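Both complexes below contain chain A, partnered by chain B and then by chain C.
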Partner chain A sequence: MLNIKLNPETNIYEPETKTRHRVATALLIVVFFILPFVLAHLGRTGVYWIWVTTEIIIMSLFAMSLNLILGFGGMVSFGHAAFFGVGAYTVALLMKKAAAPLLLALAAAPLMAAVAAVIIGWFCVRLTGLYFSILTLAFSQLLYMVAFQWYTFTGGDDGLHGVPRPDFLSPTNFYLFCLVIFLICVWLMRMLVNSSFGLTIRTIRENMDRAKFIGVNVRFYQWLNFIIAGAFAGLAGGLFAQLNRFAQTEFLHWSRSAEPILASLVGGMYSLMGPTVGSAFLMCLRIVLQQAHKGLVEYWAIILGLILLVMVLFAPGGLIGLVQKIIKKKNG
Partner chain B sequence: MAADILRVEKLSKSFSGRLVIDNLSFRVAEGELSAIIGPNGAGKTTLFNLITGYHVPDSGKIIFNGQNIAGLQPFKTVRLGLARAFQRTNIFPKMTVLENVVSACITRQERNLNFRTPYKKLTQIHQRAYEILDSVGLTAMAQRLSGTLAHGNQKLLDIAVALALEPRLLLLDEPTAGMSPDERWQTVALVKDLWERLKVTMVFIEHDMDIVFGISQKIRVLCYGNLLAEGTPKEISNNLKVIEVYLGEKPMMDEAC
Partner chain C sequence: MSIEYFVFMTINGLSQGMLLFIIASGLSLVFGVLRVINFAHGSLYMIGAFLAFSISSLVSGGSLFNFLLLLLVVPPAIAILGFILEISLFRRVYRQEHLLQLLLTYALVLILDDLVRIVWGGNPRNVPRPEILAGSVDIFGLALPTYNVFIMFMGPVIALGLWWLLHRTRAGNLIRAAVTFPDTLGALGVNVSWVMTSTFMLGCWLAGLGGVLMAALANIDLGIGMEKIIESFAVVVIGGLGSIGGALLGSLIIGLGVTFFQLPLGRWALVFPYVIMALVLIWRPWGFFGKPER
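Take a look at the complex of A and B:
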């Protein structure tokens, strides 16, 4: 066949924007590492804000994990909380009942969540569209009911309280611990999304039938992606159990599954960091409203609905997509 | 005589009780360039759907390269060396033209389970993808979103994606559908050229009789899921039945079919 040299222009990244991007990212990371030390100076409110930012980090990880299947895979799961909950219960049970060390418990969380995803995913990827969504919802509600009923093991609707926390994990240290794990996960997910595997997942999202006709075993790759997403969610759940020092049935509830969907929609499903931006935005907004006026939180559902409406109508790419559009316009 | 690469034996398929492929049998010799013609609704696309595993036949065998592939899932038939381009363009519209072909190359080389290397850094695969784009004349559009291409170019990309799979048997479902007359002949010349250079067996569905008779070695006429006639262009044009059914006036075709 014909011989053609690889055209250098076609290498997608332009070096200049790449460097700028890297510098900005590095700066942002530094800011997040310094943040708790600044907050610690604020006394009690400072500790509260450290707690809040830690929660944002964890929920961002949860949202990003969902987006591996939602944004990149085109699979709308209504039951992602199942894996978050399994991770949370794994940490709570191992640390409280088996006195396992934190690192071991946190390693077990994604593992157990992955095992759950292997089983649940095996059934779910056999369906597509709304049927897939409904089945994920059914499985997560099933786990919710199990946690609710199995009093001796899970503590039923009381949950498992008093998960031990190692002494060295002050709020600041725990924040830093979560931040490091979060960054490692982002790095891993970025690798995943940009890899051949990531491209294969995108072909399935774009045109499932055609993906089959280029030789992709669609179900297998959806299953694999589902398991990976479940594992990351399990890790987030494990961290969340450690943050709150309890695990409860609410972690498995369908309303938990809605949070990462909303975060991805608001932040932007088609970019890696979109769900993080969405999570941070929604959680901060809620707190700001709460601080401004206690009564405002009662209208949270309406406010959320309005935000979603605006997003879906005017910024389908989410906040990140909006920013990208503005930058593009500025540059001509 | 070359060996048969494809043998269709007593193949039948019905949709909700309506027989669309009716006890159909034929053979395709290795290296052949052949056409399937027939009126709309004759079951031509359905035949391709059966061969590539998109539909499961009700009965019959599809022997590809010595193996019965009837009912095998599409991704498995692709791995055995079957590829197709579609009547209605079927590409990945929100990916670049290059990414469309790269995806197919990655699957062909079974690199899908590479979780680490960015696909943009797979130089050898990109080189291969550019070769393929060049062979259909789409190199200049490599970085465009494929959904923004003109219809004719999308059809070509569809073929390029199929070529990237390095098939032994390539099925082209109306490759020139919706093209202007000029584009048609260019595409036909391209198809013939690819066939000669790649030595791949090709079966194409086409409505334009000048094209069909111009380039095919063998023509099969399909009507209501039956093989009405089969032969060289010369034999077919001498075949009265076909002249009546297909080459004649449209009303006649409807009566006969």
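Take a look at the complex of A and C:
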């Protein structure tokens, strides 16, 4: 799709096999499991921070799902919010109108998002480059408009409020629930990008013509990748609807599609965990600014724009790319 | 549907389409030469509209002179803003991949839209129409709003002007050469980056002109930039990126389509640009007048 030229050094995703890395990862996971219990002792601010970290986890999942097609597939989608929104509305509608249990609704969310991705993707993968981007934007805005206009089904611009939450899901439990789902998804995605499927996807990104010459069914692989990314985004959307206890048209809006792109770019789109780093960084930055000075959040969009500008001009590899570069320099 | 109603709707649709053409042709022109699709084009148009509001409230009153003043001052001001943006930012990413170019212009949308919000606030504003354009004209016994008719005629004037500029002047020759063979043009001793800057300024000038015209047509608020950039996308996708004739056709289709579908479909008519954009992209991704890219 869009021709993404890569720095050969950050080009190939190497599974971190070093023991040191494994220990660090395990420690990090343990910290994240303990975190809510520590925060719960801090009273109201603690609950607020549990909520924030839960949102970071969900938005990271969303960003990582986009990065499957953006960073690994080289397909720049401006309409990824479509699947996030479909997932959110699926959970909200099933739980509110059909009184479905949480797990059933959360299982339906990626499924419905995948169905949407099957249809939208079938059209979109026929196009390349800029045209692919514009068509994904058109489809997601189409869904946004439908949700906006269809009052009886989606509640129009009021959205769907008061999604029921099962009693056992206290903020801490919901955090843990999301964390477990997130880790499972990371594990799945990690297997995916290191499988032959993942290698094929990256081959297509690097050189579509050569991929065709060696007999790869390019469209089919891109379609499949698009559907998988859509399903993960749907799951993220479903969790987000449950976190906020509402679904609204804003979930489908183009500005929502921009968030995972920003996170991927800031974190680094050529690595699996880059989008997670980016999401967490942007979210924390926003809160830090909010704490530092209330008025600063007024200028959030400008600050975000300036960060993006600096990243595009000086560090297109993102934060992870920057760190890798520094480590490389250190080692000679 | 009575004939009067039909004519009225047509005039309305045509004036909407022509306004859209003025904006979309700038987007298309810039893409043709720079190969960058400028997301911030809608923001520049919005700044033009709000600038027109500020100046008109300074000079106060809706005389023809004031309106002409707006038309003379605002578009060049936007062009100068474009000049600054091109020199300082766009120039750095021409050789980069598409994604980074898109993200750069997207960053500009975030910054410019928010600046407009901080400077002008979220209240809807408008610019008074000059008296001579404020009333209605009688055509075939129908009272039609003069301003809409005026915009309807502005579109073809701009289209002809662009055609003349591109096909009958040396500047136009250079622009068209820069579209096809930028390297050869550079080897012939032409300063290609200056051609690019000028084209970008021309695109911004058109965005500013659209802003002034819009400010006197309807209320302006913080949403107009994003609304018009997506409509402009639809226009250039239908007509073909980089083609001025295509932009004219696309604008007419969108303008008339939205106006006429409003009757049977009501609020659903807003979906029309997206549906037609999706259809054209699937059937003929390079648009009616564009060329397939390899």
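Some notes on this structure:
Assume the second predicted complex is superposed on the first by the 315 of 332 C-alpha atoms of A that agree within 3 Å, B and C clash if a C-alpha of one lies under 4 Å from a C-alpha of the other, contacts with A are read in each partner's own complex, and residues count from 1 in each chain.
The rule is short, and it goes like this: a residue touches a chain if its C-beta (ideal position, glycine included) is under 8 Å from a C-beta of that chain, and two chains touch if they have at least 3 such contacts.
This is a predicted model, so every value here is computed, not measured.
With both structures placed on the common chain, the touch criterion links A:Leu142 to chain C but leaves chain B unconnected.
Shared-chain residue A:Phe213: touches chain B; no touch with chain C. When the two structures are aligned on the shared chain, A:Gln291 is found in touch with neither chain B nor chain C.
With both structures placed on the common chain, the touch criterion links A:Asn173 to neither chain B nor chain C.
In the superposition on chain A, contact of A:Leu127 is made with chain C only, not with chain B. Of the two partner chains, neither chain B nor chain C is touched by A:Thr25.
In the superposition on the C-alpha atoms of chain A, the part of chain A touched by chain B in one complex and by chain C in the other spans residues 2-5.
By the touch criterion given at the top, residues 2-5, 76, 123, 126-127, 129-131, 133-135, 137-139, 141-142, 145-146, 149, 254, 258, 261, 265, 298-302, 304-306, 308-309, 312-313, 316 of chain A touch chain C in their complex.
Here chain B touches chain A in the complex through residues 52, 54, 73-75, 78-79, 83-84, 90-95, 98-99, 102-104, 106-108, 111-120, 122-123, 126-127, 130-132, 134-135, 139, 142-143, 161, 164-165, 197-198, going by the rule given at the top. Residues of chain A that touch chain B in their complex: 1-7, 10-13, 191-192, 194-200, 202-203, 206-207, 209-210, 212-218, 221. Residues of chain C touching chain A in their complex: 37, 89, 92-93, 96-100, 102-104, 106-111, 113-115, 118, 226, 230, 233-234, 237, 241, 267-268, 270-271, 274-275, 277-278, 281-282, 285-286, 293.
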